[in-house]
Structure formats: structure tokens, C-alpha cells
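To start, I am sharing the structure in question, which I have written as C-alpha cells.
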Amino acid sequence: MSHNTFGHLFRVTTWGESHGPALGCVVDGCPPGIRFTVADIQAELDRRRPGQSRFVTQRREPDQVKVLSGVVADEAHPDTLVTTGTPISMMIENVDQRSKDYGEIAQQYRPGHADYAYDVKYGVRDYRGGGRSSARETAARVAAGALARKVVPGLVVRGALVAMGEKEIDRDNWNWGFVESGDNPFFTPDPASVAVFADYLDEVRKAGSSVGALIEIVAEGVPAGLGAPVYAKLDQDIASNLMSINAVKGVEIGDGFATARMTGEENADEMRIGNDGKPLFLANHAGGILGGISTGQPVVARFAVKPTSSILTPRRSVDVEGKEVDVRTKGRHDPCVGIRAVPIGEAMVACAIADHYLRHRGQTGR
Amino acid sequence: MSHNTFGHLFRVTTWGESHGPALGCVVDGCPPGIRFTVADIQAELDRRRPGQSRFVTQRREPDQVKVLSGVVADEAHPDTLVTTGTPISMMIENVDQRSKDYGEIAQQYRPGHADYAYDVKYGVRDYRGGGRSSARETAARVAAGALARKVVPGLVVRGALVAMGEKEIDRDNWNWGFVESGDNPFFTPDPASVAVFADYLDEVRKAGSSVGALIEIVAEGVPAGLGAPVYAKLDQDIASNLMSINAVKGVEIGDGFATARMTGEENADEMRIGNDGKPLFLANHAGGILGGISTGQPVVARFAVKPTSSILTPRRSVDVEGKEVDVRTKGRHDPCVGIRAVPIGEAMVACAIADHYLRHRGQTGR
Amino acid sequence: MSHNTFGHLFRVTTWGESHGPALGCVVDGCPPGIRFTVADIQAELDRRRPGQSRFVTQRREPDQVKVLSGVVADEAHPDTLVTTGTPISMMIENVDQRSKDYGEIAQQYRPGHADYAYDVKYGVRDYRGGGRSSARETAARVAAGALARKVVPGLVVRGALVAMGEKEIDRDNWNWGFVESGDNPFFTPDPASVAVFADYLDEVRKAGSSVGALIEIVAEGVPAGLGAPVYAKLDQDIASNLMSINAVKGVEIGDGFATARMTGEENADEMRIGNDGKPLFLANHAGGILGGISTGQPVVARFAVKPTSSILTPRRSVDVEGKEVDVRTKGRHDPCVGIRAVPIGEAMVACAIADHYLRHRGQTGR
Amino acid sequence: MSHNTFGHLFRVTTWGESHGPALGCVVDGCPPGIRFTVADIQAELDRRRPGQSRFVTQRREPDQVKVLSGVVADEAHPDTLVTTGTPISMMIENVDQRSKDYGEIAQQYRPGHADYAYDVKYGVRDYRGGGRSSARETAARVAAGALARKVVPGLVVRGALVAMGEKEIDRDNWNWGFVESGDNPFFTPDPASVAVFADYLDEVRKAGSSVGALIEIVAEGVPAGLGAPVYAKLDQDIASNLMSINAVKGVEIGDGFATARMTGEENADEMRIGNDGKPLFLANHAGGILGGISTGQPVVARFAVKPTSSILTPRRSVDVEGKEVDVRTKGRHDPCVGIRAVPIGEAMVACAIADHYLRHRGQTGR
């Protein structure tokens, strides 16, 4: 991957900082003839948008997407855009860049943030709102992911928050339909978990603290044969895409880290012939990928999001002049950045699959 | 990443199957003037080599590396090679391709193996010894990694097996020196664990079974400033490199998945000014990387290796003609492929760091 | 190169069509700390801008560039922007999209245009103003090139039109200063040629015809050592960049095609030691590049621009329904697109050199 | 392009120096199921092989290719290899590395050679036989090109020498069949030119001099639709590939530089409906490519090869210690390197077309 581009044939380049005039992406290599509406993109962006509950940052951003290139309007249905195979540029303007004094943030290195590493690397830093490391950058990914979902016929990519701090869902209650329910500010698939998470996060928020989370993404309708044996493994590129999300510290596929404790008998997904005469897997420990190549089973990935380091509790640090300071991060922050990571994770998985779908087609003609 | 290439400026392309005449790699972009001996490369290969204890596959491969290009001999010390900045081709001949009847393997899909996925993807398959998915491919990575270690001045990359199946090391006993000790067939850093692992694995082996493992890689001497904020994060590329190793199902950086359970206070690595007047971190939950950029602390990564699916216990499967069969994988196999994954993981981390070292220098001149 | 991206470390992605709302580019990998003003970029864009004389298209586009990301304002000089090392997004809005009936263009394949090839390739086409193949796309290149010029200290890239149709300049009159003179609508370095070109092009224009041109680009201050021996040759990447410009049908470096007629004695650039004790070349047949690597001499490239196919004279063609038609291209067109290709060629050469400057620094540390 | 890799989906990495043990290539991304024999590859290598007439270098290299990976033997026809979709490694051992004293070459910069540029760039140089810049490197390209030819069904790529120094062929005598005739040491398509070229080159050779040449490559059977509008133009990538060949100083497509002198009327390739009801071009000034996309017409490219700088006539130069010297290059050299450039040019064009064939299929599914 390049610094700000990911994907080979379905390539996404993102740009923009938290406090500049806008942010956006250029999607290159999208097949021609893909039909979508701006509302399709907007719907995904709205899922990620801040300010929708008390559990996420109160920054008010409408996150209205503009599609600037790469499409023509369908003559019969002018709201429907048709991709032309040329680069699709999408832009989202920043609206709520609250003016404030950045003196402290400009001078101090916030523990757990990239401030210090930025200064060492670049010698110059856009300290306003985290600059390029702002969670706002992920809006561009979600817009690109909304297109990626349409590239692979039959692909459905869904995500859910499965743990927050010390609280976990009950997987027996898993209900995909509930994830998108209006009463669910957490993308949790377990209705019983809402009250638990709400109480827990209220406490965390009031304490000026933050917590981590665990997200699970499931992609159904992934054709068998995507990926490659060594350095273009489908699981590898999904892991890479997910690790590129801010605050992600771990990724696993299928049974993931649990396989380290398993035996070969437990881990092997046995096969039989199904009623349709086709091979049928009796389990999915592999998470839909064997030897780097999709098997046709659902692709399952999980990732861990660390607690944001923007907390009210003072932490010991140093400033740009080498003095020791105590840092306390005021302002609007997500007490659990993992919540809004759900649609972002979906987008990144969708982009990886779309890219491999085109790569597989290129190499094999299938 | 391309199908068989990884890295941007320090680029490694590998080739070769288990049962072809040879395998190898081409390292492109290596800086000129790097000095090494063939023995340096061989020493790393010997660590990964099969047949060195009863706990790994009994295939006998000398794994002798030949350096075919990209170097000139030092006039004063002819054993010392000096890189010229042109591509370095290294080759390892396959010697012990035991002739046997591949009829069953050619016809049956081994559960947990990539056989079925290969056939769907390519329509043709080199079934002998796993073809491109053979663990032999990783010898090429280790050779490349031996060079990568020399690219970054002061870099030390070490790895250790920290868990095998249900058995874990005691981290209080951690002794890097012991990892390379002659009495240690497991790359474990805990001397007390050798007997435990040996008994456990003997049982597993006798049962015709296999187990997974957990490996930890620590890179010291990584300069601060390597990586980038979004899609060329150092942790992302390390994760991608590690996930590209056969049988790896999960990767984490620093505290990894544990951060999902932590609060912001616990997770933030506080800073003070050290005795040398430089910033000093008081903890390393981040595993040496913040916002995708190295901080100068040790870089810490862990990965989970699943149990090999090549086991003697029969498993239900299907064959290429769509018939249901029971598969029992005979032959020479590692009961715990995670053991030999230690030097491979080191190599992949070293390659990621060398690549980012050159990329950082290219962009910033530092 | 990807479909809409060029360069490896100094990477430029462009997007936008002639008749969409805007076009632009994302420059990724630019070193941090580069200082520039919007006026610097605008000055280059103004050189390429249409509507500035009767010899170029009368489309009225202000081509005002907006810098949307990747910079912070210098505190002392707020007009001065400083690059942060993150992606620089620049946008130019389309203003003068004259509304007209595209019926004929949508239905007919204009000879010499890409209309037919587009339809075969993509099955859908943005026929308005040539879509992605519009000369307007080149504004994005010029903006990127304005930044590239600042990446390499001491680099000066200049271009000149040296022939138009059957008329050539007299090289003995070469005056770089005159190229930018206000009385020179042709970027010619030969003051005596202005009247000749003006009369000639007036005739061509009145005849509803068009002519080709020959452009020469000279880059001074290129450090020795940029490029590589085989597939990252500096001349190769310059040629690739120039060939990517619309309507370019040939590229040569140094003495170029003339070398096919030369002997080894004539072609070799001899060397002596200069007064400064450094190697001194006595000629520059090589155009500043030997074995793909810059020698420190001026880099010289020339490219041929074909006459635009948008002419008033009817040409035989076919339409999308397979009927034979006669096509006559009305509207605002450049009678000699080669004129405005001068600043575009400069930009593309500057980008190639900036990219190789960073790549060389990455590999060698120099 | 990377330093030693070209192509995106059909990717070729080459390695090896003139005087190392071997050279070779890795072809990555080749579709599975392509059938070929080693003799197919060898036949192309034999066309490029030195020592076949008095007009080329007398170095005796059998250039026997070994295929080391990426294939399985066809069970019914064991000589037939079938690609598996994994990387194909091919190796050619160097045999005739004549031992000699390289003292002078190591110390002196040969004018017109890359010696000086190498030393500035890398600070270390494999001076034996030109190192990486040796024409031997092109054997690897020819091997890769032999595979590329088989990737696109119906593709035929042929080349011819059309001028040598001041002598040109008569295009009215063009006979493709004669190019491969046993009596034709020049790849000329004009039987009448053989005597002319032979006499001319004998003179050049006896004078210890060298001459340049002009080569034309024609690819037939290129499907319409390959390429892209801006930075992945088919003509651009062909130009880039050809410019990557040693000693090439210029490339043109179709009418090339001549279009700079043409009018729009002359240059436009008119269209009618052919007898088969399909669009038919009435001319091919464009060389088969419009707007960067193939039209289905033959693709025509020409390139200029400079005279080799390895000549007996002494030339003024400097040495590594900064002293002025006279250089006279003894040894075995091609008096006209352009001759053997014909199969190399074909290979590079075939690779560009194969790559775009896969890229087009990936993006569009056609």
C-alpha cells in the first residue's frame, strides 16, 4: 500500500484533515456500468456520522457527500448514477470545525496519540483535531466502501460490536436485524446488551475515561477463489485494511487467536456433499478463507479497537520543548471509538473483497 | 501487495514450490554497500530448517542458499559480499522430494488445506507437497529477512514461541539468550517450559494430531518516525506481512486484543524526560507504534498459528469428482508448525521495518 | 502506473471530466516542509489556461485552484503554505461548460478521437467535451507539477515549442527569456518565429483544420544519480509521463531518433576534468541520462503532438448504431493543441524527476 | 515500474549481471492453464542469442533456459507445461564469462556508458561486462515475452529492423516471411537490404566503430479496448517498456513524430462499415491506439537504438581518481546493438499487451 492509497484494481486514495475545508477520496478502477445513487453512499455515511447519540462525539457534521467525477446520470432515472470506469472523486466538506485555542495541543504530546511520532517523522504537524489521524478521515473510507459493496454481485457485508471494555454480548442472542434498529446506538446484535452497554458507557463518560471494543465483520456472498496463496492472501489484505483503521491493535480471521489452543482435529472444517450436489463445509473455523483463498463460506474477521487516549484524567507527558507536563484532553471525543468503527470495518472489508474480485477476474477470466 | 511480491522500496519476490527443482527470492531495492556473507544468510536458514529435532518434519533439506546476483566480492575479504543496489537473487535447491504416490492427495480435498480453494480458483493445482502453499516457500522469506536485518543500522529482531496449544510460558522466566540455546528445540524464552512443551508435543505427535501456537516478535533499535498515518502504518504492514505466513489466523501489536478491555488511562503510555534529556516512555502498551508511526520503543507483535491440518486422524471430506471420502494425511509433517514460524516471523517483521526505513528516508531525507 | 495515478514516492492521482463540476489531483508522498503559495500553483495553471489568445480554444475557464489538504499556513507568513507530508488535494472547478446539444457527439464516433475505443472498452461513455480525455484533465497535472518543481532543490524545468506543422524555429535564435514574454502566444524560444507561426496558424484555423507540433523540455539542476539501470530508468519514466499526455505520439531523449543514424564516435559524450576539478562532459548527445541514470547534465526530452482531430472538415465515420456518417466537429477547439502542451510537458518532466529524487534518496540515503 | 519489475497483473521481475553465475526472471500473475514447452521459450531466446553471425558479439552463450517453478507437466504430453497461476521462475546460466583483466574498465569511465552515473548513484559498481546494464539482461525479457505471447489468444507480435545507420529498407519490399529467413542476419523485412546492410556493417566493424538502428514492432490480433484514457494508456506502457531497453533513445507510435507535421485531415483515421457489418478503419495513422485505448487495428511502434559506445576508437574521458584518460573499448561487442533488439522489442510489446489484456478483463469482465 502507498501512504494514502489502498487496493490494486479497486484502488482508494483518501485525503483531508479534520480541520481543513474538506476531505474525500478518489476511487480508481471501479468497473463501468455500476449503478448507484448519492443516497446509497449517504446512507452508509449516516451510519458512521458523529453526534447521533450521547455515546459518540458531539461534533455536528452533516457529512454530505458530493460525487464530482466518474459517473453519468442514467437518462431514464436521473438520480441514478452510472460509473464510467474513470476515477470517482467524492468530497465531504468539514462544517463544524469549532474554533478554539490549540495552544496546548500544539505544544504538548498527548500520551497514546501520534503527536510525538508525527513530530519526529515530519518535523511539522497539523495539530488541529488530530490532523490526518482524525477519525474524520474514515468518512472517506465509508464512501468508498459503499461503492465496493456494489462491485461484487450478491455481496453482503455486515458488522457488529461484540464487546465493549469488560462487557460482552451473548452470542446466543445474535440478531443481525437488531444491529440497524433505531433503538441501538451501539451496533450490537444482542438486544439484551443495550442497557448493559449504555450504563457502562455512561459511567465511563462521566469518569472522563474511555474504553476499547471488539468488532466482528461478516461478509456473505463472497465467491470461492478470491485471494492468492502467499502475499495477496484475502485474509492478509482484510487484516491490512482493518489494521489501517485508527486505534486498531489486533485482527483475527475465523477462530483467530483461539486456534493457537486448538488441535488439528478441532480446527479442520470437514466437508460433505450438500443436497445441491456441491461441496458443503460442516464448520467455519477458517472464517471462509483457506490458504489465502476464499472457500465460498462467510468471511469472518474481528478487530480490537483500543480506548481513545483523549481522556479528561491528567496523564504525564512532555512538550515540544522537552519539558515535563500533565496533559488533560478536553473537547468532544468518543468515549468508545469502537462503536463508530463498525461501518468503517465493513467498508474496509468490502473494499478488500471488491479488489480481489477484480484481481481474480483479471488473472483467471472467471 | 502483488501476488508474490511484498514491500515497496525493499521489495521481495518469492517463487518456487515444494516439489519443483528449487525455490528462491529476488530482493529488489536493497541499498548499495550493504556487506554480508553467505554464512549470514545460511545461519538464518538453518534456524528454520526442517529435520533438526523430533518435533518438526523429518524432511531432510540442507537448504543451502546460493546468491546469484546483485553483489560483488569485497577485494580484501572475498567471503564478504557487497550489495551493488541491483536485484539480489537467492536460490535454494529442493533435495529431499521423496517420491511417492500422490494419487490420493491429487484426488481428495484435505480439510483445512487450500486444496479445494486452489481448484476453484485456478482449475489446475500442483498437489505435490502443497505446491506454492508449502512451508518450504518460507525459506525464501528467511533469506530475504537476513538481508533486511542489515539495512537498518542497529536493528535487532528476535522472536519466541510463547504458547503451544494449551501450554504457555511463564513470562517472568523470559530469557532471550535461552531462545537460541542448543537444548531448546522450541524457540521458547522460558527454560522451564522445555520439558512441558516436549512432553505435550510428544503426546500430540503420537496421537497423530497437531496443535497451534503463539509467537511473539520484538524489534529493538527501530528508529522513531517509520510508518505513516493511514494506509502505510508500520503496524499495518507488519500485520500484513505476518498474516501472509501460512497458517497464521491472527495478529496483534503491543497489548493487542487486550486493549479492547482496557480504559484510556490504562492504555496510554505516559512520557517523561529521561536522564539523557530525551523523551522517555514509561510503558509500552502501544507496542512501539502510535498512529501508525514508530516511537523509538521496541516494536512488539504477536501472531497465532493454527494447528496444521495434516493429521493422521481421518476427517470427512470430498474428492475432485464430488464423492464423499475420509481423508487421513500420512507423511512427514510438523506436529506444531508454529515452532518453525519463529524465524519466519522475525524475517517478515525485519522486511517490513527495512522497507519503511527506506520509505521514510525517501520522503523526508532523514 | 495505475489507471489514474503516476509516480512511486511522489505520486499523483488525477480525477475529473471536462463537463463535471470540477477536476483535481491528490499529490501523495510530497516531503514535509516544502513551502509554497497558492499563487505559485496558479501561475503555472495560468500558463496552460485556455482563452488567452486567438490561437487556442476560446473556452473561458479561470482555472482557480483550491488547496484542500496536506498543508498548514506558516504562522509568520499566512500566505505561505507548508506541506505536512500528508496528501495534498487540489481542486479546480469547471465554470464554462457551455450547454449545447450533444446529440451528434453522443451518437457519432469522431475519427481520430477515442470515442469508438471508449465504447468498446467501457460500454458507457461521458461524451460531453471528451470526458476524461479532455485537455482539461491536464490542468491537474500542471498543478501537481508546480509542487514537484519545489521538491528538488535547484531544479529548473523549462519547455518550448520548436516546430508547428511544417514550420520550425531557428535554434540559433534560442532565447529562454523570450518563451515567457507577453508577446509570445506560442511558447517559442525564437522571436523571429512568432510572425511565421501566427500567419501559419491563422490560415490553419480559418481552414477549419489543425496542425501538430514538436515540444522540447529541458531540466537543469537535476542531480547526478537519479534513475536506475533497467525498469526505472529516468528517461523511461520521463517518456512514459510525456506519452501519457493527450495526443502525444512520440518521445525522444537527447539526440533521440537521430542517434539511429549516428556512429559510436559521434554519439559518445566525451569527458574531461573541469576547472572545478570535477568531471565535465564535452557534449550532451545523451540528453543528460546514461544507462537510465542522470549524469548531472541538463535532461533534454522532446515530444510530438498530433493535430487535434476536432476539425470542421467533414470526415467519414460511423455511428453507434453502425451507420456510416460524415462527422464535422464544431465548437471551441485548439487549432494546435501542441501550444498548451508546453507547460504540461514541463509538469510531467518535473514530476518524474521529483519522484526519482525521492526514490534515489530512499535507496541510497544520498 | 519498480526498479527491476514491470507490468501490473502480468508482472516481470528480472535479475542478474553479465558476469555472475546466472540471470533470470520471475513472471508473476500469469493466468493458470497456459500451455507451453521449454522449446517455445528457447526458440525466442535463440533469436536473440549472441554469436550467430559476424555482425553480432562473438560471446558464446547457449542461453539455455530452465523453468524452475509455476508449472506442472501435462500428464498426456509431458513436454507440455501448464501454468498453475503461481510465479514462473526462469533461469539462464552464464557460460562464457571470458576471464580477463578488468583493471582499466574498473578504473575508467567509458564515454556513452553508464559507468560514471553508476558510481555517482551507488558508490559501488559491478564493472564486469557492464553489470546490470549488460545486454545479457535482455535474455530474461525475451523469456518472459515468450510467455506473454501465449496469454492473449490470437496475438501475433513481430518486429523488423527498418534502418541501420544511414541505410534504410525499402518499405515496398516488406516481407514478414523474410525476417525469419536463415539468410537474414539482420531481421530486415527487405531482402534487397541484406547486401547493403552487410557491406555497411562490415565497414563499420572494421573501422572499430558502431552504428545505431531503427526497429519497428507490429502487434496484430490486439483486441479493441485495452488501455485507459490517461496514465495507463496502452501506447504509454508500450513506450515505457521499449524505452527500458538498453540504448533506446526514442519511441513513437503509429505515424509518431511525423504527425507533428501533419494536419488534422491527414491524421484522422476515417471509418466505414466493413463487409462484416463491423466498423472498419480506412487508415492506421494512429498505430492502433486512440486516446490510449486499442482500436482493434494493428498496434505499431518504432524505437531508435543508439550506436553502442563500446568502440575501438579512443575517446577522451576521466577515471575514478579524477584523472583525464583516453578510453578504447576492446573485447567482444555488437557493432550494431539494434539488430538483436528486434526480438527484445517484440517481447516488451507482448508483455505490455498481455498486462493490459488482464487489466482490462479485471476491470470490465470482458
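Lettered A, B, C and D in written order, each chain numbered from 1.
Here is the rule we use: a residue touches a chain if its C-beta (ideal position, glycine included) is under 8 Å from a C-beta of that chain, and two chains touch if they have at least 3 such contacts.
In this text the structure is predicted, and so the values were computed from the model without any measurement.
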item	value
Chain whose average C-alpha position is farthest from chain D's own	A
Identified repeat of the A-C interface (over half of residue pairs identical), from A-D, B-D or B-C	B-D
Averaged-CA centre spacing for the pair chain C and chain B, given as whole angstrom	45
Chain centre separation (chain A, chain B; CA means) in Å	27
Junction residues of chain D - those touching two or more other chains	2-5, 8, 14, 29, 32, 85-86, 121-123, 131-132, 229, 363-364
Residues of chain B that touch chain C when the two form their complex	8-9, 29, 31-32, 85-86, 229, 358-359, 361-365
In the complex with chain A, residue positions of chain B that touch it	1-6, 8, 14, 109, 111-114, 116-118, 120-123, 131-133, 137, 163, 165-166, 204, 209-214, 224-233, 235-237, 239-240, 243-244, 246, 249-273, 277-279, 282, 286-287, 289-296, 304-311, 313, 315-318, 322-324, 338, 360, 363-364
Touch list for chain D against partner chain B, complex	2-5, 11, 13-17, 20-24, 26, 28-29, 32-33, 66, 68-70, 72, 82-89, 91, 121-126, 131-132
